[in-house]
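One structure is given here, and the rest of the page talks about it.
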Amino acid sequence: MRRRVIPGVNFLLLVLLLTLPWFAPPYYVELIAKILVFAIFAMSLDLLIGFTGLVSFGHAAFFGIAAYSLVLLTPHAGAVSLWIALPVAALAAAIAAFVIGLFVLRTRGVYFIMVTLAFAQMVFSLFHDTKIGGGSDGVFLNSRPDASLFGFTPFDLANGVHAYYFVVAMLALTFLLLERVLRSPFGRVLVGIRSNEHRMQSLGYATYRYKLGAFTLAGALAGVAGFCYAVLFAFVNPELLSWHRSGDAILMVILGGMGSLGGAIAGAFAFVSMQEFFSQATKHWLLLMGTAIVLTVLFLPGGLAAVPDRIRRALTRERPHG
Amino acid sequence: MDFPSFLIQVLNAVQYGLLLFLVASGLTLIFGIMGIINLAHGSFYMIGAYLAFVLSSATGSLMLALAIGVPLALIFGWLLEWAVFTHLYKRDHLEQVLLTYGLILFFEEARSILVDNDVHSVAIPELLQASIALTETLSYPVYRLFISVVCLAIAVALYFLIRYTRLGMMIRAGSHDRDMVAALGININLVYRIVFALGVALAAFAGMIAAPVSTVYPGMGSHVLIVSFVIVVIGGIGSVWGALLAALVIGFTDTFGKVVFPDYAGILVYVVMAAVLLWRPEGILRKSGG
Amino acid sequence: MDEILVAEKLTRRFGGLAANQDVSLSLQRSQLHALVGPNGAGKSTCINMLSGDMTPTSGRVLLGGRDITRLTSYQRSMIGIGRSYQRTNIFPKFTAFENCRLAAQSRRQRAWRLFTDAAQLADAREQAATALQRAGLAGREEIIAGTLSHGEQRQLEIAMVLATDATVLLLDEPLAGMGAEESAQMVELLRALRADHAILLVEHDMDAVFAVADVITVLVTGQVLASGEPEMIRANREVQQAYLGQDEVLHG
């Protein structure tokens, strides 16, 4: 039951993405790169919300932990190897997700939303109140990770264009990974849990373990996004872990249509576009944003998720029924 | 620590805990009875504080500000339920989270436009400006005692409300099944509106009386919201007594935490929550396996 | 060892109310044991305690002599206890086939093989197909479960349990809401299943019960009133009195 957007559109977007640095000014390249980072973040959260049914309000914690990991791994002089820093940062995020998951997955429903928020705030406090990584001021990344391998340097992350393609590659890898995982036995169980967790247990599945696995994987991928962010902007501060960032991520997932990886990517674009649009209109753009959210939830039957569905329906070519 | 200093910290802990209780009780009531998770609850606290600042600056008296502010808060809560929240009862939690998150953005920005983004102080009413001497060098502000007493009085009033009134009976039933309660011949819309307005007023009032002590600053809503969530998780959703117990636990944890580990005090509260989650995921006062 | 599943003085209290009081019964291989009683008798509570959906206040549940009272529902499923539900408890958005495939997958979960395509796993597919066929849903595999007719959904309930290769079947009112023809088909299915399973059947439809049951236990207000072979139950005075005024009258 999957609708296919007109095949041309997907291909066109891909071409656009791959050739962007050739025709767009650096400002836009960086902006799109930022959106792509959020897209990875949104996909990782969609694994939880859209596919497993876990509404986590603390996902930014894992994003931030990986970002900080990169900064903390980078020595004062010289650079850390990319091939070490990336796995370590993702692992740090994964471990944090596993540990937090052990606690929060003991709860359900509204409790779950609240405790994920609370734990994320705890991690925020850790970075904000203590001296780990510069406290509330944040800390700069001295040098981007070094991509050298066996004496050969394939690319330079200090170069804006190289960094852009690095992020594109990370997005592609994350997308492909999640696609495979969702089709695996593990992935089917997650979808089953979202549909009817009680029955899954009754059928012999230890659902707590599966949810923990999903939570950990989602945390690791959020970490990949956070790592990319740090590479792009060379600066991290506790705001990255704020629950507002978690809220933004939920918005992206909803905007794009839950339970769809492509949707999560679209949601990231939609969210940042909305932000840009509103903030051009007035400096009090948050007022508009807040109002827009409230009105959409109130008056759009089926919520925001219905919008992407309607657009998708409009774009989908009707197949003649034989 | 010598006894008078210890006593001061205990009094502070109780005062902070009781203040948190006012806010958390509204949150847990709204969820327990109407089944709505409301992220904007912290905003009501913030609105109360800024309201106290504006009104007391205008009238020169915090007491007058309270007298005007509380009815305003009730009306605000009433209208908010009528306009927005009444549509949320049939929606799922995700939509409630989203909408109330949108409300937070709206309220924060509205405050920014209507007042400002600065930190303000509110003067303690003259009558309550004294301090009680505990030793030759240490004394305790009367105003803080006043806060504790008022919060305690409200807690007692809530007790009577819940125990001895019809409204209280419905609260105790803990039911957020509209149809069932309506079938009992009760005007459910009215009940929900009253409970919501009450919850808003409690949070706003807490913000108002806390203003002279905590100062009025933009992030106060966020901070109190998350602590309230922790309290509700520890105490159990819908349990007002759980909220009281949990609020006091948090009050003590935070106050003494700041004395013993100043840098990590902020995290201590969450550690306590984590411990409770291991032991009783449904909250301290919930019977497990019910 | 003929006795497979044994309930030993199961009691479940809710505050002051005892929904089940000292309920004991046993299920044997190739036997269908029916649990009947008026509404509110505590049949659901009993079956919940057997399947692990509810913990007893006191008493034990034994499988092949081993105490399994502390086991959760998923653990019980893994040792061969399958449960179907009174209120249809399927995955409405999946196809009937996927419902059963997911049930079958539980036997060899392969959770770590993240790059395997679940839909390709032959053993789960075959088991699902067999289960659907046995339950009478052959040809309806690709239909979205939520759009199946009520009777077909009840069949799917059973199919899912069969797909888990359960040896003990706890069936909660499988005939609920079914018409005459569908009920007859279900009774046939139950007869066929009896041969190689131990079945507990909770039911209201007394005609069906008398058609298939080897043993009947009558539950009234949480306690066992009588238990034994159908003819004995039919003739039992107390049972007749308990059912006086009920719609399901025992026909001679």
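When the chains are written out, they are named A, B and C in that same order, and each has its own residue count from 1.
Convention: contacts are C-beta pairs under 8 Å (C-beta built on N, C-alpha and C of every residue); 3 or more make two chains touch, one makes a residue touch a chain.
These numbers were taken from a predicted model, which means no experiment stands behind them.
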Chain occupying the middle, per Cα centroid: A
Furthest chain, CA centroid comparison against chain C: B
Centre-to-centre distance between chain B and chain A (centres being mean Cα positions), rounded to whole Å: 33
Interchain centroid distance [CA atoms averaged], chain A/chain C, Å: 43
Geometric centre distance via CA averages, chain C-chain B, whole Å: 48
Touching two or more other chains - residue numbers and ranges from chain A: none
Sites on chain A touched by chain B in the complex: 49, 55, 57, 103-104, 106-107, 109-111, 113-115, 117-119, 121-122, 125-126, 128-131, 243, 247, 250-251, 254, 284, 286-287, 289-294, 297-298, 303-304
Contact set on chain B toward chain A in their complex: 31, 37, 84, 87, 91, 93-95, 97-99, 101-110, 112-113, 222, 226, 229-230, 232-233, 237, 263-267, 270-271, 273-274, 277-278, 281-282
Partner chain A, residues of chain C touching it in the complex: 51, 53, 72-74, 77-78, 83, 85, 89-94, 98, 102-103, 105-107, 109-119, 121, 144, 160, 164
Sites on chain A touched by chain C in the complex: 1, 180-181, 183-189, 192, 195-196, 198-207, 209-210, 213
